[in-house]
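Labels for the chains are A, B, C and D, by order of writing; each one numbers its residues from 1.
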Amino acid sequence: MSEDPLKICIAVHSRANYGRIKSVMEAVRAHPELELQLIVGASALLDRFGNAIDQIRADGFEPDATVYYMLEGGTPVTMAKSTGMGIINMSTILENLDPDIVLTVADRFETMSTAVTTSYMNIPLAHTQGGEVTGSIDESVRHAITKLAHVHFPATAQAAENVVRMGEDPDTVHCTGCPAIDAVADIDLSLPHDIFERYGGVGADIDPSEPYLVVVQHPVTTEHKKGREQIKETLEAVTNINMQTIWLWPNIDAGTDAVSEGLRSYREKKENSKIRFYKNFSVEDYGRIIYNTKCIIGNSSSAIREGSFFGTPAVNIGTRQQGREKANNVINVDYEANKIELAIKNQLEHGRYKSVKLYGDGNAGQKIAERLATEDITIQKKLCY
Amino acid sequence: MSEDPLKICIAVHSRANYGRIKSVMEAVRAHPELELQLIVGASALLDRFGNAIDQIRADGFEPDATVYYMLEGGTPVTMAKSTGMGIINMSTILENLDPDIVLTVADRFETMSTAVTTSYMNIPLAHTQGGEVTGSIDESVRHAITKLAHVHFPATAQAAENVVRMGEDPDTVHCTGCPAIDAVADIDLSLPHDIFERYGGVGADIDPSEPYLVVVQHPVTTEHKKGREQIKETLEAVTNINMQTIWLWPNIDAGTDAVSEGLRSYREKKENSKIRFYKNFSVEDYGRIIYNTKCIIGNSSSAIREGSFFGTPAVNIGTRQQGREKANNVINVDYEANKIELAIKNQLEHGRYKSVKLYGDGNAGQKIAERLATEDITIQKKLCY
Amino acid sequence: MSEDPLKICIAVHSRANYGRIKSVMEAVRAHPELELQLIVGASALLDRFGNAIDQIRADGFEPDATVYYMLEGGTPVTMAKSTGMGIINMSTILENLDPDIVLTVADRFETMSTAVTTSYMNIPLAHTQGGEVTGSIDESVRHAITKLAHVHFPATAQAAENVVRMGEDPDTVHCTGCPAIDAVADIDLSLPHDIFERYGGVGADIDPSEPYLVVVQHPVTTEHKKGREQIKETLEAVTNINMQTIWLWPNIDAGTDAVSEGLRSYREKKENSKIRFYKNFSVEDYGRIIYNTKCIIGNSSSAIREGSFFGTPAVNIGTRQQGREKANNVINVDYEANKIELAIKNQLEHGRYKSVKLYGDGNAGQKIAERLATEDITIQKKLCY
Amino acid sequence: MSEDPLKICIAVHSRANYGRIKSVMEAVRAHPELELQLIVGASALLDRFGNAIDQIRADGFEPDATVYYMLEGGTPVTMAKSTGMGIINMSTILENLDPDIVLTVADRFETMSTAVTTSYMNIPLAHTQGGEVTGSIDESVRHAITKLAHVHFPATAQAAENVVRMGEDPDTVHCTGCPAIDAVADIDLSLPHDIFERYGGVGADIDPSEPYLVVVQHPVTTEHKKGREQIKETLEAVTNINMQTIWLWPNIDAGTDAVSEGLRSYREKKENSKIRFYKNFSVEDYGRIIYNTKCIIGNSSSAIREGSFFGTPAVNIGTRQQGREKANNVINVDYEANKIELAIKNQLEHGRYKSVKLYGDGNAGQKIAERLATEDITIQKKLCY
């Protein structure tokens, strides 16, 4: 047929978002029957959170629209308000872009905004990373979005089964693996010699030819008042290990200011720390960094997702990833400095694990684009029991 | 214990909302360990939609806060924007009221606003009418809210089972029956002689001692462009029956203007119609009216819910109530004038059905208040498979 | 020069707005150094307020963006919230359209939204109809917008003087006449025989070959609680005159529902009224209708603006136009039925007045476009005393 | 009279705001015919901007409502959106507080939000600091707010004259002096020995018994892209002076992130700098600090306002305070390091100036409260020429 291509709208709303959808964006752009509509918004536009839009543009994607809607505050009430602002602004943009399908990622409040907007506007909604189990408000939101979505692209077999058990029509559930794996599956994983200079950052100098740790620890929204004490435990453990360390600033959830404040206050006091703080890396360089690290510490899903694929030793702290399917590269510990330190030491001793393809084999983007081009979507959903 | 009472916040956002939660408001207000915080907002404040706030005040409830957030338009995009505005404004109000639990009703976009706000603010969310199955966007939204809620008060055993199957912890699911039944279970159901004058309305005079029909037909959001032609079929059928008719203006979903326009245009042309149009009744008078009608027609859930309890003959049109559990008082028909007419005739011939307690026995409010006072709620949810 | 054309962004937000800026839109579109960016939003998209977008499209203008942001309610608080929603949504749109100049009209809350957004975004703001004096909140808002605007196109010499006296740099103030006059200055003013059928409307049949009245009476925001009683006086006077009457539904300011309710309630009761109610006319047909009417009654500025140009007898009621420069075609009266009736009778007796070019000679659009193409604008304003 | 007290609502939206209205809050609270309603919102709630709410509570004021509405970004578009969010949220709060008069301060976007909301809600608006002349978007906004306000409390005779020349009714214009002066007029101005420890801060230790500089340099919204290079010039000049320095983080206008980034980047590089960075001081301690400094540098109005009262030598940089009435304690310079350095040296040599009561004598709060209690306000404004 010589029909108009289907307009697939993807909204990238944070630096983490981007790595998890980039391969789909590429596959949609390359597909002859699909047209990519790209919205870049929220923390992806903010310097404080690493300006992901610069990476996106550097990768050759020009947004069809940009949109600011994040509130200052990093509190539960500002997360709620940001979601409301997201809906209002996404509505204006979607009305004018008029897409055929909107594809949204995972479980953050920006995703909630996109999902609610799309649902009420009667636009078919596709969703990646549904059916996974974790802690934090993300757990509720992820499953709520599943109940709003018309097509599901879960990353694992277990997640796909969860989506079906929640009452989704099995014909709409396609286990594709996670696009986050695609982005790092086929690249040269060696560390460029200038990789740590290239991204600026603040703190100690890092030598890529020497062993280093990576820490990514986000606030847990359901425990947002404990952010500062939680981060202190990690800081203490990492300081005791005394190895050069790449530390990423946390994302923009409730509690982010407490975590950042904890980090800043540490920086003031510790003059000869071995830590360097960064806001952002390119998707591929982030892959290289966590491939080559001796251990990734904190509560980022990348330790579990890309970590299992790479076999990177990981120490997962606290409740944020509770319940998420993990390969054996991960040791779970509580928010306690000495336990964290011990777990890191164990991982340093163990070294790299065998690669496990739990979250996909690197072709998710391709599979998703193909499905979007052919899926026959009914806008009226129905609980499927 | 001599502790402070638990603050239970209930938001009433439309006339329909109110009837479905009134008995809970009464039970919470009466409970020694609970304190009612009442928010009245959205279409419940609007004259166009029957000014439910006047009924609420007449019933002795003084709101702790009122809040406007509905957009003009009655289109999918304005429903989305109203949801966003609802979140922003509800956030401001909830921050200042600081409730211990928020209780929300069913599946409308106002409910979605409340649910999203409450979730992100880490306030426990209780939900009534979850687990039911219908058409319209309400179907998606209802289940999404279930995934955000911490305590569930489904109305039927089937609905409760659905909520558990979706992965909710069975300990948080309490089948209480529907509070909508409470409001009409124990009242004198005879029609006051001046009932139809008291509420104003426009159109033909209605004699309560003569047989009459009731029509309530809302737009179906997922078919919102067909609102006008759908209402035409019903108008034709009802005109042909030629019995005096109480017609309620539709609610504020996408498509509402098309439905209203269809009704207005009909009113212009038919000078000697037997129809009278109303915006609102008190909860109890609405109960009396649908108890005494010869047949209730359209797609309101009250035909199914209170209708089964009363045994009122009902003709349910189209997809809006598709899948909802029904007693045998309901005949389902498509949007076709002659089929609607035939079904009405069959119901007129049949007369009242036997009462069926499918949606509860009239004690839901009591049970819900009791549960709220004692439930031990964990803010961190987890998929329960 | 072969530079890119200057992008001139014009937002049309209501039916009244459109007639007052249409000639500028045409002149900008036709100008080789200018490019028109058109936003259509607010009540211009709403069926309840006459769907001005259909007229705009019929005139060959395709919007670059549409935007819903009006709240339901017609109360002071919803006017405020609509202004806020306007700012948020206009910000998203202006960020993506990236205009060189924004041109805004007069004094309504939609204009306030546009002016605040544009100012904070450091985009030069041009303003028409500044410096006029009236009642209602429009009076405050109009002058506030003058203080935000960088280029001024007042309609009259007196208005231009007022703008300068308020401290604006005289070099930025250009008295061009009012674009509302342009739209009707050079057209055939005879009434098409089917003009009153073409626009639907509800109520009595109107014969264009017979004498008729026109009534346009908007709520006065600063007296919004009196809307209903004010409209009753006018209805009584017009009923007593007993001449066929074209009545336009009011615009969307605070109090609009009270006025509409007053009109609807009248319609219910008066079966053999000679009034027909309309939502909208094309700019040119509206011009023809008020040119040919025996008298225009109410508080619309068109009675004063186009009215002076046509010499149409006008009865101006109440405070809304208080202080606005008027030609001798206008009789001012208070909200009292018998005074209104008397004034109408006097005007019917008097007949057409001499045309007065108080609000321009029909070339405002041309002059404004020319200025926009050449004006050298400094973004930093300074009180000019 | 035994009437209810007049409810005077004051919204404090930033740390700077607070010092400029505190004496009015005290006077309103103390007045027998007035009742203070306090809203604390925007950056006054944010840790990043010094958590002014803690100071407010420490001073014994408990807010009637708090409200978050600032967007992340520090760009022109986020300033616009914050204004819109401010209006929406202030509307909800004002609807529920139902004040008799709202009093608003100066010229920031939070003030614009308050002024627009109040105007459309038909609530009388009182305004302080109107009629002054400066650079930045504040210049436009200040005069726009004057055109919305019903009662004016300008700080200087010149400002009062400007307000009247803009067309305000002279009977509504009361030259009271600036409440910012009140807060520091009668206090013990000696520096507590631990004053610089008490507020935390980051950077060099400061000895209050040794000479020190103060720097406060905000972004200029109309030059927001130059923020970083502008701050570099000041940093260079101050570094060359080599005196211990108190530096306040900038406020939240467009360009704030660039300024902060410039400061952070400097902090990374200069290990033995003599600068210490602070987010906030109490109103009185800030007074003490700028009374005792050898020179205040930057573009804060406090250098001009309180500075003239104290006779503190001041170096005012760039356009932000352009046109504001200044006493002879101020030297104006451009954004050039060597000129700034030279001006500081001249001021260090000169030492304290004679006190000038240009911005009032310390009784503004008293006078304003008295006026509010007795003023007869007409809600309908009219251009007064």
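One rule holds for everything that comes next: a contact is a pair of C-beta atoms (placed from the backbone, for glycine too) under 8 Å apart; a residue touches a chain by one contact, two chains touch by 3 or more.
What you see is a predicted model, and the numbers here were worked out from it, not measured in a lab.
Shared contact partners of subunit B and subunit D, listed by label: A, C. With angles rounded to a multiple of 5, the C-alpha fit of subunit B against subunit C returns 180 degrees of rotation.
In this assembly, the chain whose C-alpha centre lies farthest from subunit B is D. One simple way to say how far apart two chains are is to compare their mean CA positions; for subunit A and subunit B this gives 39 Å. If each chain is reduced to the centroid of its CA atoms, subunit A and subunit C end up 50 Å from each other. Under the contact definition stated at the top, the residues of subunit B that touch 2 or more other chains are 68, 77, 81, 85, 88, 91-92, 95.
Against subunit D, the residues of subunit C that register as touching in their complex are 76-77, 79-81, 83-88, 90-92, 94-95, 109, 112-113, 116-117, 119-122, 133, 135-137, 139-141, 143-148, 162, 165-167, 221-222, 224, 254, 319, 322-323, 379-383, 385.
Against subunit D, the residues of subunit B that register as touching in their complex are 65-68, 85, 88-89, 91-93, 95-96.
Those residues of subunit C that touch subunit B in the complex are listed here as 43, 45-48, 68-73, 75, 77-78, 81, 85, 202, 252, 257, 261, 264, 268.
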